[in-house]
Amino acid sequence: MGGLVPGISTIAAPIDRLFTVVLIVTGVAFFLVEGILITFLVRYRHRTDRRATFIHGNRTVEVTWTLVPGLMLFGLAIFQYGTWRQAKIAFPDESRAQLVGVSANQFEWNATYPGADGQLGTPDDLAAPINVLHFPVGVPVIIELQSTDVIHSFFIPVLRVKQDAVPGRPVSVWFEATQSGQHELACAELCGLGHYRMRGQVTFEAPEDFEAWLVELAARQAGG
Amino acid sequence: MLRREAGLLVFLGVALALASCGGGAETPAPSAEDQESPPPAATGAGTISGVINFSGTAPEAEPILMDAEAICAEQYPDGAFGETVVANSNGTLQNVFVYVKEGLPDQEWPVSSEGVLLDQSGCRYHPHVLGIQAGQTLIIRNSDGILHNIHPMPVVNRPFNLGQPVEMDSEKSFATPEVMIPVECDVHDWMLGYIGVLSHPFFAVSGSDGSFSISGLPAGNYVVEAWHELYGTQTISVSVAEGGTEQIEFTYAGS
Amino acid sequence: MSGTTELSFIRRYVFSTDHKVIGRQFLFTALAFFTLGGTLAMLMRTQLAWPWQEIPFLGKLLYGNSGNILAPEAYPALVTMHGTIMIFFFIIPILSGAFGNFLIPLMIGARDMAFPRLNLLSYWVMVPAFLVMLSSFFVATGTAAAGWTSYVPLSALPDMIPGSEAGQTLWVISLMLVGTSSLMGAINYITTIVMLRAPGMDMFRLPMTIWALFVTAILVTFATPVLTAALILLLLERSIGTLFFTVGAGGQAILWQHLFWFYSHPAVYIMILPAMGIASDVISTFSRKPLFGYKPMVYAIMAIAGLGFIVWGHHMFVSGMNPLLGMTFMTSTMMIALPSAIKTFNWLGTLWRGDLHLTAPMLNALAFVSTFVIGGLSGVYTAATPVDIFLHDTYWIVGHIHYVLFGGSVFGVFAAVQYWFPKMFGRMMNDAWGKIHFGLTFVSFNLVFIPMFILGAYGMPRRIADPYQYDMFAPLQGLNQFMTISLYVLALTQVFFFVNVFYSLVRGKAAPSNPWQANTLEWTVSSPPPHENFDEVPTVYRGPYEYSSPLVAEDWLPQDRFVDGARPPSVPERPYPAASPASD
């Protein structure tokens, strides 16, 4: 994944590493199995001078190829608990994070930012234009994600972040961006006829630029 | 044994009946030529015309932030604003739907074979308010070339939800009179329009000079209603002589 | 009253209680739906290659109301019906319905199913199911369009997408009928396999096809009622305004997902296990060698089924479900790869030192193994919960499911049809055409579906009518076009298969009772078998895979052939019923 889509969050590298680990394990398994298959097809093709070997199995072999993959798979699962915790369970402290409210509905992303009081859900909140989102770089961002109608899914590939937005059930999702840039937010859960175009324009920028943008938002909202 | 087979056949028959009551396939919008009996001639030559006055100040128009839709945003270099209240410079109000509510003879009114155009352009509905006859073709045009969906929310009529991903025209119609049907686009939340569906052709929408004119009326005593999306409805009773013209004025007050 | 009375045409071919007739009915109906589901896929892929372009021929016919192009509300409808039809009207009916019905009594040495009339019903309940589902294509607002997964609220609220009007209701009713049919079949299969085995046919002498169908039937019995319950809840929500899924009224949108996946995860094993059993039989027969690790293979099937009930949450890692469950479901999901891996190794073990005859059925069975491996391995990535954050709902999943469902189940179907066609219809299929079909299908299939993993690694989501609206996916259009053209080739290739089937039905060479020199009981009777299968109830002396046995000169040894030195038949646990089960 890292080779195809840049990763610009703190969770991207661990996730990409896991992908690589699985790639290596499954790659070896793939070449081994398919290689053996093709070898056997060639080697044991019907010849009139040969009879198949009359054998029903081999206990040692059976136990080996049960235990070894079994332990590997189990290990692979446990090995990933840490990264999953980091991604979905261990949220940063709210006091040092940028809070953003994202409300999804057919077919748009509505981002709200806390106003001067630093709290979401108060009258001084700033509403970004539809489908426009900005996030600061180098600062943990905690998004309170909601939907107003059907299930949508908040997916920013470069962040390796995805979370379903479920109506009536706010869910928090967090990330920390590591690089500035313009990227896209896609909806990743079928939500209607406009699902294919539920596209957010996401800007990651230095904290100063982010603050400046918030000021601009406030001015637009007040001045009209 | 025969009973078992008969039972199965009954079951199948019921299932088929259930299946077929889902409704027919899409039928094209009927036009005047399709109507069975020759329509009575469009009677009368009377006219009701007038003006929608607007006193006071209109609420400040909300800015529409089209940042994420470049194709539309660039059509409004000075910014785009909501159309809830569009007051004209001459003290009149635009986008008021005026129609004959009562007093028409009880008859079938011929439906024009020409369609009424609703154009999505610059991520706005043009016109913002329109009138159409029940059964008349509504031509929905996407002039923007980006996805719009036309999602009217009728109460009496059958709703529909049509996506237009590219520049194209679609045709629809409403079968039952209904005043007014809000129309929205789910892709562009700020897009809002209204459609008034009537069984007769006696309606108009006030324009940029606040005036309206309804013609072709037979002589009679009528109740005319004006509808505005924010300020609501008002009625005026008026009598029209054969071939006569009557002037009426509505007045809405801003805050 | 058996065999002597001449039954009417209707009683023999339409409303028959003979498991063989019912099996054939399922077979042809399922193949018809395969073509419908495939056509829907071609429409989808045409849109993905050239979005919003006028579709030749079909555009005017199907999409005249939207300017001969696919409308944005029509694409999710296509996606939904493709999945629904392929799963519920093709794969499950053909594997469990067609081959389950046809083979179970024959392979266990019984004259028919335990409940022949229930069997008749299980097919004929599918007929209203078909009709109701097909009728949804003709409603003004279109078919269901919330995905085959039908998540609420999209499927519960009619104004969220046109397909959620009448089309969705018809979908729900149809699937309730399908579930009813499945349950009837499952009860019949379980009872038949437990109670009607011929003397000497111990459970551990059953062919793998039967073991697989048996465990599948148990899966059906336990899982299908949960889907039916979910469908009932959805129907009530849509019709009388109950609030099971409505938040704010105490309901939960995620409830649907739990109920749906509790069934639908075992459902995917319902779709693959019979194919695994079939692959074992075909591979053993054409390797002229006993199946390697028969008992481990049986236990692996049981493990897949058992574990299959505790992995459903892996479809819901990012659903908003408690993230702690992500860890538990990841673990169980990783572990379910193990029994499949064991089976793969045992298939390789069967091939090892075998005497391989690469007939068309064998080639398809080998294609099953090779592509199923890819499908299974691709699942390890999605089982890895952190990686699934990226891959969930992308084309990676679409690639994964098609490798296990087409690569797995469908190649299994091709193998099964060509293997048992002689028994079912008394004629041979053309093996040369079968090989051409295999080769072209195998190549074009991989060309369509391997790139899906690339698309998924780019994060391209599924069910998106025009991915190129996103700058990040715009470069992928070329690859999508390549995949679409490969699909056209794959579709055209199936002509070889269908022509082979229908031509052979009328002009195929007459088939002997045992063209493959196979061991299992169905090959001991004529092709096709007589009405009650066995003139004399067979006695079974050995397992089904005694190929190349030193006991005999030939390289095959049927289950019912007595040979000096063979183990005498064990005493049956219960007396075999002397009379045939009541049939009329």
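Going by the order they are written in, the chains are A, B and C; count residues from 1 in each one.
To be clear about the criterion, a residue touches a chain if its C-beta (ideal position, glycine included) is under 8 Å from a C-beta of that chain, and two chains touch if they have at least 3 such contacts.
Computed from a predicted structure; not experimentally measured.
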{"item": "Intersection of the contact lists for chain B and chain C", "value": "A"}
{"item": "Chain pair with the higher count of C-beta pairs in contact (A-C, A-B)", "value": "A-C"}
{"item": "Furthest chain, CA centroid comparison against chain C", "value": "B"}
{"item": "Chain centre separation (chain B, chain C; CA means) in Å", "value": "50"}
{"item": "Centroid distance [mean C-alpha coordinates] between chain B and chain A, Å", "value": "44"}
{"item": "Centre-of-Cα separation between chain C and chain A, whole angstrom", "value": "31"}
{"item": "Residue list for chain A, restricted to those that touch at least two other chains", "value": "106, 192-194, 196-197, 199"}
{"item": "Contacts with 2+ other chains: residues of chain C", "value": "71-73, 161-162, 465-466, 469"}
{"item": "Where chain B touches two or more other chains at once, by residue number", "value": "147, 149, 161, 163"}
{"item": "Complex contact set, residues of chain B against chain C", "value": "1, 5, 8, 11-12, 15-16, 18-20, 22-26, 147, 149, 151, 153, 159-166, 168-170"}
{"item": "In the complex with chain C, residue positions of chain A that touch it", "value": "1, 4-5, 11, 14-15, 18-19, 22-23, 25-26, 29-30, 33-34, 36-37, 40-41, 44-47, 50-58, 61-62, 65-66, 69-70, 73-74, 76-78, 80-81, 83-84, 87-89, 106, 149-151, 153, 155, 157, 160-164, 166-169, 171, 183-184, 186-197, 199"}
{"item": "Chain A partner contacts - residues on chain C that touch it in the complex", "value": "71-73, 75-76, 79, 146-147, 151-154, 157, 160-162, 247-248, 252-254, 287-296, 318-320, 323-324, 326-327, 330-331, 333-335, 337-338, 341-342, 344-346, 348-349, 351-358, 366, 369-370, 373-374, 377-378, 380-381, 383-387, 389-390, 392-394, 454, 457-459, 461, 463-467, 469-472, 545, 547-550, 555"}
{"item": "Residue ranges of chain A touching chain B (in the complex, touch as defined)", "value": "106-108, 128-132, 192-194, 196-197, 199-201, 220, 224"}
{"item": "Of chain C, residues touching chain B in the complex", "value": "10, 15, 51-52, 65-67, 69, 71-73, 124, 127-128, 131-132, 134-136, 138-141, 159, 161-162, 166-167, 170, 173, 177, 465-466, 469, 584"}
